[in-house]
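To keep things simple, chains are lettered A, B, C and D as they appear, and every chain counts its residues starting from 1.
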């Protein structure tokens, strides 16, 4: 078995841009692309399967089983068209990462794609909402800078599909851009995803309302506040335990 | 070398259902399928070999060597027929898991199989004998619910062959059902296997006497009781050692 | 690159038996087969290369570099003939182990081999010089028992090439025997190798003088004695250090 | 995807010698070959891509993304010609190492290469600037000895591409030489690289000025001195912390 894409809808999907957002740091890419899919009402037209995904299946709310997979959506309106890629997981081995990236690029090529945009998180301890960008192509990079992104520091390695898709795109004569939202990364970060989408929608001149993300941002803020509270309490109780121990020890 | 199935008996095995039970949590699947094979007097007709099994061989009571393998049995009576799969091990790598699942499904397809039923364990600290089910197909799921299973919680990942066979079966136009017996999982659990078989035999309207499993259940209960005793004693002796050490230290 | 055998000598090597001894527990197999090669003055006629060996090369006494490899020797006298296999290493991955075993068996088949004999170590804390055997074939096993081996306990897994070659030989219509010398295994064990060779030469009615192994046995005994001495001293010095520390602590 | 070399310049590169220096111990090989490339003004004519490199991409100073890769340079002057290979990384798996080495050798063969020279580091605690050599070929080895190298100790394993390229070159009818600069290995070591280049330029009668390396050597010496200072300070501060703790403990 090899990584493969199965078209589930016979539509004539032609798009010059593919946007990727798979799980990664802070889930920034996945949150952003899923939000785009929902807001644009993009249509799922293909699924990607791979022997490099983890070897388990998922059960949904109705007890239905399914393989881990990538999902490809298509959207077209007023002469604009996009292919959007998200999914459950990244490939689990080095060779699997390269194979999957190649498989996606071959599919993209078949559908007329000329530009790959990948979205991910950029690890940072101060969350100032920056969006970092890098590209295979200086002109494309400048468009992203004009849309509000800042240049990635040199030497910054872009790990996984968000990086490989771009690196390999050059070998296929495509161009690529990466948008990374600044994130602490330890929790899903819809705030960083929103920042990336602000840049992306400006860059592509997409008319997408981003305010629905605010609810998700609030939900995560609340969870984080609760976690901080629990941690503070556990510090206190640990200190109490230590106090008790000291006493025991002294006695 | 690739994973392969070798037919060792030239019989015209046609069955619409394949039941899988390989080693896993609490050995629930393997115990259940081996018991079915014995009670139904199913005939071994094929063996599965794979370079993804662990790289050692087994020696039996007569000093005979054999490779690790999967075993496929066939049973047919009164218009009913089954293929039953058990074996020594699961594949040891991600790619191996996918390759093996695909190999089994291709073999099943060749023999007319339309439905895959996989059996495994469901990790739980309270052993109330529940049987959890999930399916690729709502209708099949409801049959399992009617036979006494309960629905799997959403998000529960089904790991290994019990999951992959079902996930991949959909891509081949088959349908699949998973029955997972609640188990603590750290020891072979014939009790959980019996619970699964109660559901399965009702579901398939199989006439199988399950009382022979009770002996095995008692044997395991006895071992567990002995282990608890040994553990209790070792706690005591560890405390004694600590006491002695204290004394040494003080002197 | 795949595992491959390169014939370096164009001889008409036909032999019904192949004897394998690669590095493993106590180096029993390698020591035994290398000794046989030397005593029988067998001729190297082929080398095995594999991308599953460790990824380094060796430098010999003359500064000469070579790949890790397996070596195949041929011996023929008075109507008897043998192929002997030894080498630098075992394959480093599961799939590599299966691939290498298959490659060796295909080569053996081409040269008329009907029986594979593998030699290895059997982990044991009391070194009573037992030779444990197992086989794909009861008749062959009995020959080994008659030659002084004892039956392997059931369930004993035979790990690596010594096991896989035999397990896979059955699929190719060959038969196989494994001779395992009892060894603690943490050091090269020529004593265990000698015991295995006593059984093997009797079994195959080979006229091989085993007394040259005694020098090697003495050399290892001496090293072991020195190691025990060093260990004893280090225990003493560790105790002295502890004493000193106590004093420091008290002061 | 397989490891592959893409020619980016259509030149008629024919050279009898390929010199390899990929990242490794003390970066000796990479520093040496990059220095040669710069001084000789060699021209990049091909790039090597592989699914066995780490799965990330690099970003350069201008925000440009690129895959990890190997780079092949060509130099020719006064009847002498060389192919020089350096790159970002070694292959990350055993099979990947063998595949990449084979891919490089096939490319070399196509361009008329008869001799492979690999450069690396030789782990040693005293840095006396020795250059250790080993070869597939006694005659070639002696040339290196005459040029100032000393013979590698027997049994010394040469790990990674520097070793495999040579071991595999023999199977392709080429000859190979390895030059290893003595290094502690924990930091880039331009001093060791310079020592290797002294041997290499003498051996190949290359006219290369090595004095530009001295700046790099000084830079690294300075960093090392700073690191020693930081370490010394941190030892002091750790002792202070311990002192404080003692006090706390006593109180």
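Observations, loosely collected:
Methods note: contacts are C-beta pairs under 8 Å (C-beta built on N, C-alpha and C of every residue); 3 or more make two chains touch, one makes a residue touch a chain.
Computed from a predicted model, the values in this text were never measured in an experiment.
Common partners of chain C and chain D, by the touch rule above, are absent. Superposition angle, chain B onto chain C, using Cα atoms only: 90 degrees, a multiple of 5 between 0 and 180.
Distance between Cα centroids is largest for the pairing of chain A with C.
Two copies of one chain, chain A and chain B, touch each other, and the residues they use overlap weakly: the shared fraction of interface numbers falls below half. If each chain is reduced to the centroid of its CA atoms, chain A and chain D end up 36 Å from each other.
Computed centre separation for the pair chain A/chain C is 52 angstrom, with centres defined by C-alpha atoms. Annotation for chain C: no residues touch two or more other chains. Viewed as a network of touching protein chains, the structure reduces to one closed ring of chains, two contacts apiece.
Every residue of chain D that touches chain A in the complex is listed here, in rising order: 1, 6, 49, 51-68, 92-93, 96.
Interface residues of chain D facing chain C in the complex, by the touch rule stated above, are 94-95, 97-99, 102, 133-138, 141, 151-160, 163-164, 166-168, 170-171, 176, 178.
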